[in-house]
Amino acid sequence: MNSSAINHYAAAIRDAILAHEADIECLDREIGDGDHYINMKRGCEAITGLADELSTLSSADALNKIGMKLLSTIGGASGPLFASFFMSMSKTLKTSDTMTTLQIALAFEAGVQAIMQRGKAQAGEKTMLDVLIPVATAFKQLAEQGQSSKDISAALKTIASDGLESTRNMLATKGRASGLGERAIGHLDAGAKSCQVMIDTICDLVLSKQ
Amino acid sequence: MNSSAINHYAAAIRDAILAHEADIECLDREIGDGDHYINMKRGCEAITGLADELSTLSSADALNKIGMKLLSTIGGASGPLFASFFMSMSKTLKTSDTMTTLQIALAFEAGVQAIMQRGKAQAGEKTMLDVLIPVATAFKQLAEQGQSSKDISAALKTIASDGLESTRNMLATKGRASGLGERAIGHLDAGAKSCQVMIDTICDLVLSKQ
Amino acid sequence: MKKFVNNIDHMLVESLTGFATAHGDLVEVQFDPTFVSRKQKSQQKVAIISGGGSGHEPLHAGYVGKGMLDAACPGQVFTSPTPDQMLAAAEAVHADKGVLFIVKNYAGDVMNFEMAAEMLPFEHATVLTSDDCAVVNSTYTTGRRGVAGTVIVEKCVGSLAETGADLASCKALGDKINLLTSSIGVALTSCTVPAAGRPTFDISDSEIEMGVGIHGEPGRRREAMRTADVIVADMVNAIVHDFEAKQLPTQGDILLLVNGLGATPLMELYLIYNTAAKLLTEKGFSIARSLVGNYITAIDMAGASLTVCLLDNDIKQHWDSPVHTAGLRWGC
Amino acid sequence: MKKFVNNIDHMLVESLTGFATAHGDLVEVQFDPTFVSRKQKSQQKVAIISGGGSGHEPLHAGYVGKGMLDAACPGQVFTSPTPDQMLAAAEAVHADKGVLFIVKNYAGDVMNFEMAAEMLPFEHATVLTSDDCAVVNSTYTTGRRGVAGTVIVEKCVGSLAETGADLASCKALGDKINLLTSSIGVALTSCTVPAAGRPTFDISDSEIEMGVGIHGEPGRRREAMRTADVIVADMVNAIVHDFEAKQLPTQGDILLLVNGLGATPLMELYLIYNTAAKLLTEKGFSIARSLVGNYITAIDMAGASLTVCLLDNDIKQHWDSPVHTAGLRWGC
């Protein structure tokens, strides 16, 4: 993963988020405040707008730059969370000079932990973490087992989908939906949906590599 | 016409206005401000509420009382106009001690003239006067010819309807619709409609008398 | 129609009672006949009284207080008040220097105030406001409607009266400001008169009503919805043309009032202000005073009006002077 | 969706520019990062900074000025501002007595302000407002939302800061007022986020959303539309129960704030006030201060919120002290 791969991923993620406008927006309207899609779009476009600058940076520096940019662009709950993710991922990658799949998995895990810390949240609270935590856990485990990028990607796609689906019957105890009690049940979480879309997109890119 | 007849007419007029809620309201919505029906209703109910008091008065005093009450109840453009009508009618009737059809017709004409004065308006300006002026003219003429109340009533019904209909293709030069220019064309005037309904109701009562 | 209401017939009384309670330090309300007057009756000044149909809040009751009106007569929704209200209000607040009625130019308002004036046992005069340039003035019509410029007239005439000026001077200032002021409104949606229970007019999502009145009266024409910049440019042009038609200068210091008609958020009003201020400055005006908010509304209509008032030192001074009412307050 | 807008992406900048121009005597606006600050930088006082998503105007930028905020950071519509905005605002307005952030309790706002605070090179503290009693507090949730009580906190803390009080005292007053304040909102219609272009929620003509948030978040429950008296009684009861749950007295002097959410006319707000004032008085409260109008809105939502704040002499004094902002002004 170098910074040109990062730019490639970022563009694909932006396209995927834009393609999912209707579902993402609808979910945050139902049990949130309706701005999550716009927030994601603003964030994605800010990052693809950085492409030239990112291409001159190391992966770790590019990820940090992405985190900083998201922090000053997205706002809302998702902004500081995604920012923390990338900044923490960057910090972890900085400590190693090669970049194996396992190192990426460990960095991803560190990113998810940063989200948990910033959001004071766990799995099971009906947030993006219900996608991110199981994905991080499986990613690390599969990487430790030495599985191929393609096998890992195929597995993570399913885990992300399942994670998203698991939010449907949860009570929300974090974020804007936490005031809703029983009324949140039956709805997927918007941030979980965005994460699933982003993970799915990257996994598809890996799977489609020659 | 004594004050018990007046009460009888007032009740019938109230019922007729209430029955025409939809058309009257709709007309003032289209080229006015939508309150004419409510104004008429408030006025009618105030007058039927006076029934006991009116029944102790002479016709002339009852009509003056009605004018005063309308003045303090209706508001808007139609309030002072209808008030002027009744107060002027009362004044005219006061000068005579019998009450022939001709005297009523002359009082009616005086009432209409009071409206013209107060509203600084003529026939052809797309207002209630386009019903009232031709009715007043015909009423006086037919009464002078000594026609029967029933014949007069039958004639006035048609004249009121025609007057109302004549407002359809007029430009408004008085009242709220006067700012509309060409846009007022094609719509009947709300005040003309109320007057037509009221005249029609009284004529029907006269016609149905044994 | 969804409104906070108990019984349509009691809406006005309940609302006015709430108003008088919430502003108990400033005003009191009387019913039958209905009028709102200052808590502290003023002495030795011309009594300034306004009134009109309800549904335009904060106008007029919200402008009763120090530096503005002595009393306001609220009619039924969109219906002129009746002469007995004006007589009772005048009786309650006059202080032997005469009564000035400030009346928006509508047939109903004019006739009711006229009848009150005819019965009034003291010296009186009337300022008729007619700042709405959407309606073309002509000898054949009732004339232009009084809209948001009325707020400026009430503020400045109220200020002058407070100095002890006589009736003729107060009337002259009101007439002068009315002449120097032009307004135009635009509706994105209709208002709903509570007692009618349905919107006054139908309008699609792709249309606007340019030149709408504050009662939802149809305006100049139904137009296509366009960007704010284009809509505001049309409004500014209408006002500038009106200034030209009135042979007023199209330069110099102005007061720019961007008024919300009820349901349009401040965010949009400031956006309108931004465009209007830019365009008016380009035309050569200099924006010396500004007011943005809901000052004369059409119940729950989404829409806005622009008002430009040419300022001289006299008007500026009376605009700036202290005012303490429910709807406008500064300097005290 | 019909709004006065040119390009959704420029709406905020155009509106803020209009705001800063219209109130050029009071405030100035900076972009990238975006914040609004007082024209006259204040000296020798704690800098009071607030912020939050846009769409709640006049909150917060409308409360920048003498006696209230030193700066406000407007985020995108309904989206918390970002840490760089708060850092730039703090840098611009701090005066060596520290910075107090007033933050409405939403995950996004809390996290963004938290990250700003972590990076801030000067003394600082935060008051989190959480007056919305529609959302039940529990250790398992993010906690109650900050709503209209925030206006009272900003007014009074702003007043205290003006006296030269230190950071700890300002924070203590803010926390105290937050504790003494409960609010609840009700929606008759949804708001429409401009960029989304359609209503946040669907609601029929026969339903209301009781306990709605200021972003159109669903509330306690969907209920049948009923008379204003019945709706207001439910709201008053919710507030009184909350006072009981917080072990606060249910008597004594209060400030009653009836806040419009955007599209509800003053006539209805005063009608609500009328009922609320009666019911609260019956419960034993004494209404010592009142505020009725659009002070913290949810874009164009039809609806209203009730806020009750228990007053002591300290709070009363800070409420009454002079304030000069675009959204609140008195005493000067």
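Per-chain numbering from 1; labels A, B, C and D assigned in written order.
Definition applied: a residue touches a chain if its C-beta (ideal position, glycine included) is under 8 Å from a C-beta of that chain, and two chains touch if they have at least 3 such contacts.
The model shown is predicted, which means the values in this text are computed figures rather than measured ones.
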Chain separated most widely from subunit C, comparing mean CA positions: A
Geometric centre distance via CA averages, subunit D-subunit A, whole Å: 32
Cα-centroid distance, subunit B relative to subunit D, in whole angstrom: 54
Mean-CA-position distance for subunit D and subunit C (Å): 29
Contacts with two or more other chains, residues of subunit D listed in rising order: none
Graph class of chain-chain contacts, one of line, ring, star, complete, other: line
Contact pairs between chains, per stated definition: A-D, B-C, C-D
Contact set on subunit B toward subunit C in their complex: 25, 29-35, 37-39, 42, 71-81, 83, 118-119, 172-181, 183
Footprint of subunit A on subunit D - complex, ascending: 33, 53, 75-84, 106-108, 111-112, 114-115, 134-136, 140-142, 144-145, 193, 195-196, 200-201, 213, 215-219, 221
Residue ranges of subunit D touching subunit C (in the complex, touch as defined): 1-7, 11-12, 14-19, 21-23, 54-55, 57-58, 62, 188-189, 205, 208, 225, 227-229, 231-232, 258, 262-275, 277, 287, 290-292, 294, 297, 299-300, 302, 304, 329-332
